[in-house]
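I am attaching a structure below and will ask some questions about it afterwards.
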Amino acid sequence: MSKELKNLITPITRRRMFKRKNRSLLTLRISATILALLFAIAIFQPFFYTADPAASDLSLRLQSPSLGGALLGTDALGQDVYSRVIAGFRWSLGIGTVGTLLGCLIGITLGVSAAWNRKRLRIILSRVIDIGISFPYLIIAVTIVTVVGRGFWPLALTLGLVCWPTIARVVYAETLTLREREYVTAARLFGIGSIRSIFTHILPALRPTIQVVAAFTFAELLIAESGLSFLGLGAPLGTPTWGNMLNESRLYMESAPWMMFGPVTAIIVTIFAANLLGEGLNAREQSRSTRVSQ
Amino acid sequence: MRHKKILSATLSIAMSVLMIGASQAPVSAATKTITIAVPGLPPSQGNPFKEGPGTPGIHTYAAMFDALTRVDNKGVVRARLATYWKTINSTTWRFTLREGVKFSNGEAFNADAVNETIDFLISADGRKTVIGSTELPDVTGATKVSEYVVDITTKTPDAILPAKLAALYIVAPKAWKSAGQDVFAKAPIGTGPYKVDSITTTRIEMSAFTGSWRSPKADKLVLIPLRDAASRLQALQSGQVNMAIAINPDQINAAKSAKATVISVPAPQVMSLAFNVTAGGAVKDVRVRQALNYAVNKEAIASNLLAGKGKAATQGTTPSVLGYNSAVQGYPYNPAKAKELLAAAGYEKGLTIAADITVGSFPADDLIYQSVKADLAKVGVTLNYTTITFAQWLPQYNANSWKGEAFGLSWNSAPRGDASRPYAIFVCKPVGAFYCNAEEDAMVKKTALELNAAKRLALLKEIAVKVTASAPALYIVEQIDLYAVGKGVKGFSAANRSIAYENIYVR
Amino acid sequence: MKAVGSRLLQLVVLLGTISTTLFLLLRLSGDPAILLAGEGAGPETIAAIRIEYGFDKSLTEQYLIFIWEIIRLDFGRSLVNSQPAFGFVLQYLPSTLHLTFLAIFFNSVIAIPAGVWLGAKPNQRRRQILSTIVSVTQGTPAYVIGLVLIQIFAVWLGWLPSIAGTGTWAWVLPVATLAFALAPNLIRVVAASIEDTTRQDYYRTAKANGAAPNILLIKHSLPNALLSTTSLLGAQFAFLLSGALITEFIFAWPGLGLILVQSITNLDFPTIQATVFVVAYLVFFVNLIMDQIFRFADPRLRRSQL
């Protein structure tokens, strides 16, 4: 490439790079802010209540939203929908977070081990991942509910056990490519142990992928929670999780649509933020790797 | 707004014309089909012995089978396949059968048919079915007296055998014998108004059995299971089904605005939380049990959550049941008294109890349970629910292995419409007793052996007084069954959950 | 030949492990004998039923019998309707497969073009609108989509039936529900991988050399996107085989998901086992096909494959 041409191109590329970087940074900032806000609501929820989310009053049931009364209306028991949506932050975000963490833990462990080992272990673990994928989540949910009962931890456990196979698959595929990278191969040649190599080379390199997958998984688990609730395997009866509320609102789609509005909005906003975070992280990673390759 | 309606109406008409043209279903104008959305089909399909006498079996079997008797909404035993009955001795009842009745495969109904059914019931296989083991465990055999007269014997004297036999559907003897119970389940044959064309998990199709003694007014009957109440109503609103069974009280207005008629029939069933008294703990104290009963505003629950169609429960039975005692007032809402009783029992600072419940079995049961919890919280009682499935409920119930102090249990008098059925649950059972009061137990036993109707009724009413006073359960509401009958559907009626399918037709 | 043998072995191991896990999990879930005997059944009745179904034997013995029967593809008779469980499940397979294929098809028809369009120039304002819509629909559970679709097209407009078995039109809403539920994810993945290729060096080189954008898209971006797209479609397919249960529920669709829910509710062990077995078997084959597509699409993988 002639020097002239290079001079011509570089400023443009630089500007473009800058733009893209800015955009991804902006996405990241927005999504992180939204999520931080949501978690803040979960932590400081009592400050946001306009009514006791558990207090029911049958004479006030199915009231439409009003500025003076219930902001988002009341449900079939006369409970304040707005306050219940707020109360749902702790449950839903908590379950989603714990479930995602658990899924990541299992998924990363199995995925990395399967990809790292070249021999029999890889075959065994790949099949374990296959089993995980083809195993109906309903059976996992039913067994956990039967043995442990219903509640925050059983539900988080169920969701974690449901989501790990996807994570394991992605991690497996990514690790396969990573372990063939020069620096990893070089490290192996220098006699650096597997465990050390995994911790110093593979896991840090996996981080961006995991971040992205985790953000998407989190979003999916929020949906899965409402599905379990639909099947009667979700959070305990009357618990203000968004899934439960959505499930309760089914009968009132026509007569009291506001019952659906609150939890659906909460789920959509959270998922939107989580997805945005995943995308932002993804974009940042892309721009980084492009920069490295230049 | 109106504009849009006209537009959508035109479009929908255009579309439906197109759809009729497109769908190849050979529905001729002459065929009158009744399609009904039910909450579920019997899992054991056309084998009536393997289903309990309640829902979902009864919605299906009422169309294809008949029992010897039926019990009406007032608890009176009526003729069905038997027209007359009397006691011969203390353990034998003689039934005179209806003449000229045919099964849908042409077999004649007679004493032999009854014999065959009862022979199966008392066989080893029959004793493994719900009807043989739980509903009619004391029936020991049947003897043919003449073509249309049969004697049925019981282990111990049984005053209400005719009512109990309402749970026993008579199957076509030859078909049953040659097919065996498994094949019969796919092609059941009875004396009812419809005969089965096909059974799958998602559909039962039947066509009219014109030779039935209850000859139907329509040509076809289709039952579609839609487990979700919202889906059932949507199916009705969109005109895909003619009727929806078991809609929710909060759907009444929506159903009415779709020009459907909503029929509410009081169910002979009281929703309650039974206390695990034998396990000890706070609920062992009768004052605590009474306090919990006083603390719940049952009237508010019935009027708000059951749309005023259900009533607050005063005792374990409902007015339509034989043995209901209208003098028993139960526990009217009185939180002050509840607090007083709790304090007297040593729980002035409050109390925590756990209860295992199943939800989705009755209209609005999830809301009702939550309301009970909220009311109890007002008197300082924390009630923690664990929702379980019926599959989890049953083993704990049979063995009384409950971890908590209470569990969901309904006082069901159906199908015999007699108070003895629920009371027989609250006795000192040898296995799995959760409540045992020697005095009440003796009275229940005495009633079972009493053959004099008047004396028996007096005993049942006395039991109602005693049992209600000792509050072995938190009585909540008298349940209802809601049927949404679509536009143009005529002749619907149901007694004790048994739908008179023969009278239904579409105009 | 060796590859086929190893695959077969893997299949056997996979099915064996799933069956064993299932066997153990189900034994934890409850006692079907009590359920079969019914409310208030005496201990004698329950004992008799246990003997009849072999639940009285030791766990090891039951397990060995169970494995032996599975080898002969005999899952026993359903505990509730007494039909041979395997045959019973197979009856419901075609309708699930149809639904799955149609849902995957329409999902691809909607999502792949949308994803390509979105990914080709992700920064345009009008494409960002689509991106937002995708995010929003991703936040809606399938049953809400299903109920809303029924409310609009069956109840308000009266155009479409919502119950299975009423002709060709009855397919529209369930297929649409599933396609809508699956599409956002696919759009996202397709867009991301298309966008990804635009950053690759060879793409830039080609572009700098003056290749037309459309040809670039077809020659470079699409093949690259094929990999992740098939991978996701495979996963979605596998999921639908048993995971469409809520949709099947709402539309009374006679499929495997519905059978699974029913058999789990009734603790109908043979039917549960047969269903999961069939699903696992199909998923294995979907994975196998996916692997072949990968090998075909990406030569780099050919050597690192098992």
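Think of it as A, B and C in the order they're written, each chain with its own count starting at 1.
The rule is simple: a contact is a pair of C-beta atoms (placed from the backbone, for glycine too) under 8 Å apart; a residue touches a chain by one contact, two chains touch by 3 or more.
Remember, it's a predicted structure, so these values are computed and weren't measured experimentally.
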Between B-C and A-C, the pair joined by more C-beta contacts: B-C
Chain closest to the middle [Cα centroid of all protein chains]: C
Maximum centroid distance from chain B, chain identifier (CA atoms): A
Centre-of-Cα separation between chain B and chain A, whole angstrom: 44
Distance from chain C to chain A - Cα centre to Cα centre, in angstrom: 21
Geometric centre distance via CA averages, chain C-chain B, whole Å: 37
For chain C, residues that touch 2 or more chains besides their own: 29-30, 147, 151
Overlap residues in chain A, where contacts from two or more other chains coincide: 146, 250, 253-254
Residue numbers of chain B (touch at least two other chains): 228, 230, 389, 392
Touch list for chain B against partner chain A, complex: 228-230, 248, 250-251, 253-254, 297, 300-301, 304-305, 357, 359-360, 366-367, 369-371, 373-374, 385-387, 389, 392
Complex contact set, residues of chain C against chain B: 29-31, 34-43, 45-46, 48-49, 52, 77, 80-83, 91-92, 147, 150-151, 154-159, 161-169, 249-254, 258-259, 262, 265-268
Complex contact set, residues of chain C against chain A: 10, 13-14, 17-18, 21-22, 25-26, 28-30, 123, 135-136, 138-144, 147-148, 151, 188, 192, 196, 199, 201, 235, 238, 242-243, 245-246, 260-261, 264, 272, 275-276, 279-280, 283-284, 287, 304, 306
Contact set on chain B toward chain C in their complex: 8, 11-12, 15-16, 19, 22-25, 43-45, 47, 50, 52, 124, 127-130, 133-134, 137, 181-182, 185-186, 200-203, 224-228, 230-231, 234-235, 237-241, 389-392, 394-395, 397-398, 425, 431
Chain B-facing residues of chain A, complex: 54-56, 58-59, 61-62, 76-77, 146, 149-150, 232, 236-238, 248, 250-255
